[in-house]
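Note that chain A is present in both complexes that follow, paired respectively with chain B and with chain C.
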Partner chain A sequence: MGYFSVLKVMITQGPPNVIFALKGELDLTTSRILRKEVEKIELDKVASITFSLNELKFIDSTGIGQLIGYYRSFAKQHTSVYIDNKNADIEEVLELIGVREIMET
Partner chain B sequence: MLNDSKLMSELLNELARLEESETKNDESLLGQRHGGLAIVGGQLLMKKPERGGKWPTISAAKGSRVKIFYRGKQIDRSLVLEDIDDIKFEVMQDPAQSSFEIVVSQDKMEVWLVTKFAPGVEYQVCDSDYTTNLVVTAKEVAQHPPQPVDPALVLQQLESLGVKIELYNNQIRSACYGLESGKWMIGVGIPPKPPVDGRVDVVCDLTGRQMQEEQGGRVDLLDRGKISSVEPGEVLAYWHPPVEGEAGINVFGATVKPRPPKRARLSAGSGVRLMEDGTVAVAEIAGRPCWDRGRLCVRPELIIPSDVDVSSGNIEFIGDVIVMGDVKDSLVVKAGGMVEVRGNVYNARIIAGGNVVIHRNLICGHVSVGGDIGNYMKAITLIKQIIPELKNLQKAFQQLQGHPRFSVEDLKIRGDGYLIKLILEMRFAEIPKLFARLQQLAPEQKDPKQDDEINNIWAVVNHISNCFKGANPLSIRSISEVDVYLKGLGEVCEWMEDVVSTPADIQVSYCQNAQLEATGDIVITGPLVYGCTMFAGADINIAGSCRGGTYCATSNIKVKSAGLNERVKTILAVGDEGSVMAGTLNPGVYVAIGQRKKVIGEIRRNVRLKFEEGRWIDKAGSGVF
Partner chain C sequence: MDFQAYQQVIHVNSKGNLFLIGEAEYQARYDDEEPLMILPIQGKKDVAQIRHVVDDFLLERIPNWKNPARNRILLGLTEAVTNVVKHTPGGQVLLYIDKIGPRFHVIDEGTGLEFNRLSCLLFAKGFSTSGSLGAGFPLMIRFFKQILVCSSTMGTKLVLRSDLTQFLRS
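Now for the complex of A and B:
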């Protein structure tokens, strides 16, 4: 967490339905790692993007904001964005903020 | 004086010489037969006439200083002389003059020495050659200076007069020896110290109104400024009590009393109380300060004897206002207390803290009493929706702060506003919308005609609303700021509820296309109401018919006849517990009780509609409606 945060982003499934598996901490310091990985994909070949948070240990408001940002920007290009999460603690965070009001599993 | 007599003497001598030369001419004509008289060295000489000649005459020049006596008797006309032995001359002399007089001023506070000095003048008879008609004159031959006055005599006279003050001795001496006539002050008494008159300092404005100049020198003729008014407890005037003077002493040593001081007492009339031993006048009631028969009063009411129009300007008064005439187009009457209009109100604005009574018609006007009830009620509803939502937002934020899988490290850099905005967007999207609706109720600009308190309330509403608009939540540094906003909204709501719950009624005879807002009842006594909008904090009672318009009451609406047909939209709305009573409900009338709405399809008579236990009930009729 904080200055020693680590995030590993793996693409577990390729286009058209891309799945990014996030492991570690998604916060202010690691958000750029996710951004670089997302920027690599070719959107014209992608129908949906799923972020798997099952192995995520921590998230902060920057991380949440980044996921919401992707949801909004890809929605304009008719690409669906989902969150796959079986981690109850992280799910509680998502619900508290209200992410689940717009982003489905 | 001396110069005048000298001049006169010279003139007389000249006259005598002229007469003498004429006589000589006569003699030259008649030869040496006539007799003659001459004066040489002051001695009278005579030459008797020859046979056939004239006897000489003698007379004193008119106004001259010479008196001629014939055999001891003064002659006052020309006398024919036979012999000079019986003639005597007497020449009047001007003796030197030195005198003084003591003068005491009328108030006996000053003593003056008046001196008179005049030099003495010596005259003697003028010489003359032989002449038949001798006119005797005198001439000035010497002057003698006057003698100085003896100061001892002056002091002696002062003593005999009873003057007992310290005298200016140097002045006396110079006056006595100066040989100049004049008036010299030689002593003064000790004047009394004058008293300080009592006075009243009025510190409130009794002048009425002052027109205020706008920017650029423009003057709003309708805005004549506030009528001067005071609040209870406000100091109106101070009385400065009189201070007695101190006695003095006059030139005779007698005590001189000072004049009694003027008291200028402060008298309290109605609405004024004297405090601090009668030295401070304080307003007991709110109203207009004025003088009434020498008494300071506070009048709770302002009476406008005629119309409120361009000549009177807008009326703004802290107490009650009574308008004996009409309130004309575009004028504003604003009162802290009640307003009574004996005439009509035409497209004017009436704002009152208390009841409003309009004896005749209200056409196109706007009357609000007890406050801006319509907006306040809407604002209260919105604030009551916002507050629990904001508390939920705050709770969610705090739960996230303490969550083991949520990091708040980034908020130290970004500020709490970032997360607040996320939560607002995701979960509480209604909050910014509610704030936007609340803000629409607030006036766009500070209304200079409104009280500062009302302006401040709306300023708070605006400020808090802005904080939750658009990207503005990002500028919230700490979640604790939300506490401040919650407290502010609570206070605004409480203030508005206070205003709304203080009942103030409106009573009008007839109204048309007008807007009426009252925290209490609205009562229309006349036969018709047409196209009006009414908000009543309590009941609306319309004795006649109401056709068209919106009529909202928190409690009940009672009307003889509502609506006309489907094309005339008439809305009757009451609160959840309220009822709508109508002699006639025409088709098309829209009835709302709380959130329940109903449109009358066919004419209904003698109804009292309520909504109870989930259904419409006609309490006056068959029951179920």
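Now for the complex of A and C:
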């Protein structure tokens, strides 16, 4: 089987207000790709982080858990985390899991 | 509480969507059927790989697969496979197609579900035995028409029945 789950993570805006644009699929297979990119940023220069999910085709509870994990861990360092999403399929999953109740948009 | 009592509690709490069954009932229901596909679950990469293989296969086999149910069914399947990868040594997915939609049997080689924590695991959003979100089972219950759970110390079998017309109505 030659199938691969692909996630591309691009930084479309740099510090102090960083935007990560996610393209592809965020699940258990690809979560490490996002983790590596997020680990590269120098937090002391960052005021906020936005994850843009507008070009994401798929997200599951593992991917959402990762984003909520960043929200919680960065909040301790006074860095705000936001989600930008206009994709209806992705939004349905975010709402079902209750992300909108936990995180700011 | 005995198995029959758990069966009734789970059935009522799920509004009839979820059944606990024993190994004998599982065998009686399904042992004569040949799966259309058998996909091994061995590691993280299989979470996405199984989703893509199943999607491609169903695109060829089911004329109305491209309907609103597709993404939801694939998400539910992904949650089940992710649970196998995270919590057990491995397993496999068996694929069947019923009249109303695809049916998946997600079989693992773990130590089984703890019945006394099953209600929390299945219905309480945020309940997790591993520190994760605990949203997997509630999503599966939401997106599949019916789920049968057959669990013992030899492992767990989830039968995930989908209904392609379910989300056209909502």
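Note that the second predicted complex is superposed on the first by the 102 of 105 C-alpha atoms of A that agree within 3 Å, B and C clash if a C-alpha of one lies under 4 Å from a C-alpha of the other, contacts with A are read in each partner's own complex, and residues count from 1 in each chain.
Just so it is clear, contacts are C-beta pairs under 8 Å (C-beta built on N, C-alpha and C of every residue); 3 or more make two chains touch, one makes a residue touch a chain.
Values in this document were obtained by computation on a predicted structure and should not be read as measured data.
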Considering only the touch criterion stated at the top, classify A:Ser80 as touching first (chain B), second (chain C), both, or neither. neither
Output check: A:Ser48 vs chain B and chain C. Expected answer is one of first, second, both, neither. What do you get? neither
I'd like to know which partner A:Asp89 touches here: chain B for first, chain C for second, both or neither. both
Is A:Thr30 in contact with chain B, with chain C, with both, or with neither (first, second, both, neither)? second
Output check: A:Ile68 vs chain B and chain C. Expected answer is one of first, second, both, neither. What do you get? both
For A:Ile102, is the partner it touches chain B (first), chain C (second), both, or none of the two (neither)? first
Answer with first, second, both or neither: which of chain B and chain C does A:Asp60 touch in the superposed model? both
Across the two complexes, find the residues of chain A that touch chain B and also touch chain C. 1, 25, 27-28, 58, 60-62, 64-65, 68, 89, 93, 96-98
Chain A contact footprint on chain B (complex, rising order): 396, 399-400, 403-411, 413-414, 418-419, 422-423, 425-428
Interface residues, chain A side, partner chain B - complex: 1-2, 25, 27-28, 56-62, 64-65, 68, 87, 89-90, 92-93, 96-99, 101-102
How about chain C: which of its residues touch chain A in the complex? 44-45, 47-49, 51-53, 71, 74-75, 78-79, 82, 85-86, 125, 132-133, 135-136, 138-139, 142
Footprint of chain C on chain A - complex, ascending: 1, 3-5, 25, 27-30, 58, 60-62, 64-65, 68, 89, 93, 96-98
